[in-house]
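Here's the structure, in structure tokens; my notes come after.
By written order: A, B and C. Residues from 1 in each chain.
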Amino acid sequence: MEFETVIGLEVHVQLATKSKLFSAAATTFGAEPNTQACAIDLGMPGVLPVTNKEAIRMAVKLGLGIDGEINYESVFARKNYFYPDLPKGYQISQYELPIVKGGHLDIYLEDGTKKTIGITRAHLEEDAGKSLHEDFHGMTGIDLNRASTPLVEVVSEPDMRSAEEAVAYLKTLHTLVRHLEISDANMQEGSFRCDANVSVRPRGETKLGTRTEIKNINSFRFVEKAINYEVERQINVLNNGDKITQETRLYDSEKNETRSMRSKEEAEDYRYFPDPDLLPIIIDDLFIDAIRDTLPELPQQKFQRFQQEYKLPAYEANTLANNIELAKYFEDTVRHAKNSAKSIANWMLGELTAHINRDNLETIACPVKPQHLAMLIKRIEDNTISGKIAKTVFEALWNKEGEVDEIIANKGLKQITDNTEIEKIIDTIIKNNPKQVEQFKTGNEKIIGYFIGQVMQTTQGKANPKQVNDILQTKLKD
Amino acid sequence: MTTLSEQDIRKIAHLARLQIPKDELKVHGENLTKILNFVEAINTVDTSDIKPMAHPQNLAQRLREDEVIETNQRELFQKLAPLTEAGLYLVPKVINNTEEE
Amino acid sequence: MHTKSIKELSKLLHKKTISCVELTKIFLERMEKYDSKLNSFITVTDELALIQAKNADKRIAENKTTPLTGIPIAHKDLFCTKDIKTSCGSKILDNFISPYEATMTNKLKQAGMILLGKTNMDEFAMGSSNENSFYGHVCNPWNLQNVPGGSSGGSAAAVAAYLTPVATGTDTGGSIRQPASYCNLTGIKPTYGRISRFGMVAFASSLDQAGPMATSAEDAAILLNHMSGFDVQDSTSMQEPVLDYTATLNNSLKGVTIGLPKEYFDENLTTGVAVKIDNVLTELERLGAKLKEITLPHSKLSAPAYYIIAPAECSSNLARFDGVRYGYRCKNPLDLEDLYARSRGEGFGDEVKRRIMVGTYALSSGYYDAYYLKAQKIRRLIADDFKRAYEDVDIILSPTTPTPSFAIGNSSQTPIEMYLNDIYTIPANLAGLPALSMPAGFTEGLPIGVQLIGNYFKEANLLNIAHQYQQVTDWHQQIPEGF
């Protein structure tokens, strides 16, 4: 039987506020344990939460970024359960009335296909602390520094059909929150965390299959691996005639497997109810519009503009638009070479990205500056150098060997455009390869590639391939 | 009429993380049953059109500016703690896998 | 000296007829001498009191005073007081020394008051007799065999026996007014949000309010002036300006319309109490007030709704007491579950456990709509009843409790009977309205209280009526025998 995968994602985005969601303690990452946990974060007796306005602003910003509906009235609710990293015995979250209702993100796959992923809701909640399981004489240590750090949980519709789509969605959301400057979205530090709801169903079936929730996936790569593992596991279970158990599963990246944490029967009864310490959050259009006015150009808008203004194909436009640094680099380069947007995009997604990745650099720190790349492309277009030679020049630029023209001159990379010089070389080659000349004349026109290769070898790539081809055609047909 | 069995009490007590000695389950069951029957009176009125009231005030929440005011008071707070080490609160080993809620 | 009003004491202190240290010593000696009979204090802060008194004397010498400078007070042990044990009457907080100060107690400290100690109470303010305390029951100064009421029973007994001039209490369903009534005091629960809840350990957050307990409306008014006000640390605290509640005490009652809800004069009300209420009404009419019968049709549902909402909130509020960061932790826990269940099981008393379980049940999956949500809807009906009533009347008057105080050990066995003590006081908490209880006379040697419920932020009206009544009666000046 052929199966279809259905995926919905729940992403926890840590908001980049200075202070906690409900207290005035700092949110800095990496502080000594429990030095940033104040009486409120510790759930001491008698203390009360007071909500951080900036967290509300950031959540609204996200809501606008996903084209969601901002609820004029939203309510904090208590989610009750006992766990040592949850000091109050409840987490303040939003349940029936989240701050953002609905919304969507457009994702673009490698092949350029666009897909719209629905977003059910985005709500504000406080983070829990951390349990440290290293051995404290067989005990667990609790650090509550992270307790009450603001999070927005973005819940998608079950609209994704493959791990690839899930990763594309995550990356799009990741870029968005960074564009909006509401989160550093650092996955290693846990400020962008993902749980995946995964199910499979026979292709053609409209009812959803029983799903499992995979927790603890902390990189894009693991999201893909965890989902693929889980899909395969579920298909095996079904093919064996068994049923999927609705449960929470934990992804173990070392073993690349998911394993059961707890089943639905063991699931906690969270006893949600409106937090009596916190009145409803009331937001008006004035508040929303003021935030709307501060929104930067969003990746989606940038994507549209790159396609229209620069005539970039969807894939290139999307890749550039979704990376703040790359997008800026691109437009800076275009400013130096107005009509070469497409070549610039190709160079950026090819050589530039490859070098950046190879040396593990930030785009901003890359030694080839926008004006360099623009000049390099100009030199290809005015036939000073060939595309192939340009790669040599790029490498030299990367190694900071000088400016473009300097490198071309110093290395003698200028293209040979003088006909007589090329003709001379070609004549020699024709003379030395009678067998191949014969083959050409008896109809094997493909052999011309061999001659071009010979010419390029002799000129060390400095001849213009088109020019060489033209001359060869004439000479061989003589 | 609602009647809570010893089994119900056990379940509720577990949810609330309260140890109830076996010989007290019965009397707790009886008391809770009495209380639940006392509060049943709320069902004598139709409230289908009534908006629930969570707060005595019909007001919006006041918000705080994003400022760090709190300072490190770990030493003071941990003086109150039954068991700490290296600045951490200690609890019996959590067997459940690392959970991110 | 110990029976004088705040105003009189303040005058004597300012005239230096007596020093703050001397005055404080008088009350500390009375506590020493009489509290063994009452058990009204959990903690006595005698050393601190004398230091504070010395400072107060200095302030008087420097002429930097308030009307409360040098006046001793006792706080219910539900308020966090920095560096002082704050137990909430519970074993689970028996070792809890608060690292911070409640906003309200801090205001009184800043006003120059002297803290004598922390008073006994029903565990986490759950109870109406003060029998649910880890520190033992409290006796009523008017009859040592009887309860002082609860949950602010320690504060009530201490003020009634003149061990302190005034005390603070908290009121979630009547915990200031009912003990005030049982101990012949004037106690007021202000409008919800009037006094900051920061540092007041929560029982039911949407119902809890602090308030003063005193021997007269005037003393209560002076104290309320300094307890009230907006607090940035409490999201539910109100920005409404604080009035000077003493300024209107002498207003005439001419033209004041008093509503008498017929539902409050029901079959639960004992004759002894009913007769005294009638006498109060006669007196108020003589002072110029007009009486009007009104109806609050959903009154009967108040207690049932309350006994869902309060336990539901408490089940969540008390989840933080888990033996991890502070408070009682059981010996040798086997595992995490055992740590939680035993620390809580051993640390909480029976009534607290009962309410946590009721609340847990009312919020649990499958029951939420039928219990909690339904109770919240009833709550609105009750609040709406009051809203309608205040279109016609200025104030609502009722008995505070159906009966006078009862014998210790009498109703501990049946929670429901105990719950019925609060049937007249609960509605004001559900609606968030201010309400006051004042002495209305005695029946068989036991004090009776009458309750006044005002519209939102009309504390001044309540205190005005009580004060005017106290100008023409002397119930509030009676002193229990042996004290």
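To be clear about the criterion, contacts are C-beta pairs under 8 Å (C-beta built on N, C-alpha and C of every residue); 3 or more make two chains touch, one makes a residue touch a chain.
None of these values were measured; they are calculated from a predicted model.
Student: Looking at A-C and B-C, which one has the bigger number of contacting C-beta pairs?
Tutor: Looking at A-C and B-C side by side, B-C shows more C-beta contacts.
Student: Need the most distant chain from chain B, centre defined as the mean of C-alpha atoms.
Tutor: A
Student: From the mean C-alpha coordinate of chain A to that of chain B, what's the distance rounded to whole Å?
Tutor: Roughly 40 Å separates the two chain centres.
Student: Where the CA atoms of chain A average out and where those of chain C average out, how many Å apart are those spots?
Tutor: For chain A versus chain C, the centre distance works out to 58 Å.
Student: Please work out the Cα centroid separation of chain B and chain C, and write it as a whole number of Å.
Tutor: One centre to the other, that is 24 Å.
Student: Enumerate the residues of chain A that touch no fewer than two other chains.
Tutor: 39, 42, 44, 50-51, 82, 84, 140, 142, 269, 271, 276, 278-279
Student: When you check chain B against every other chain, which residues touch at least two of them?
Tutor: 15, 17, 54-55, 57, 61-62, 64, 73, 77, 83, 89, 91-94
Student: Indicate the residues of chain C shared as contacts by at least two other chains.
Tutor: Each of 96, 99, 206, 232, 235-236, 315, 319, 322, 324-326, 336, 340, 360, 364 in chain C touches at least two other chains.
Student: Which of the residues in chain B end up touching chain C in this complex?
Tutor: So the residues of chain B in touch with chain C come to 4, 9, 12-20, 28, 31-32, 34-36, 38-45, 47, 50-57, 61-62, 64, 73, 76-77, 79-83, 89, 91-95.
Student: State the interface residues of chain A toward chain B in the complex, per the touch definition above.
Tutor: 12, 17-19, 23-26, 32-39, 42, 44, 50-56, 75, 82-84, 86, 91, 128, 131-133, 136, 138-144, 190, 193, 195, 215-216, 250, 261-262, 269, 271, 274, 276, 278-282
Student: Which of the residues in chain A come into contact with chain C in the complex?
Tutor: Per the touch definition, chain A meets chain C at residues 39, 42-51, 78, 80, 82, 84, 87-90, 140, 142, 269, 271-273, 276-279.
Student: For the complex, give me every residue of chain C touching chain A.
Tutor: Interface residues on the chain C side: 79-80, 86, 88, 93, 96, 98-100, 102, 197-202, 204-206, 232-236, 312-313, 315-316, 318-322, 324-326, 336, 340, 360, 363-365, 368, 372.
Student: Under the touch definition given earlier, write down the residues of chain B that touch chain A in their complex.
Tutor: For chain B paired with chain A, touching residues are 15, 17, 54-55, 57, 59-70, 72-74, 77-78, 83, 85-94, 96-101.
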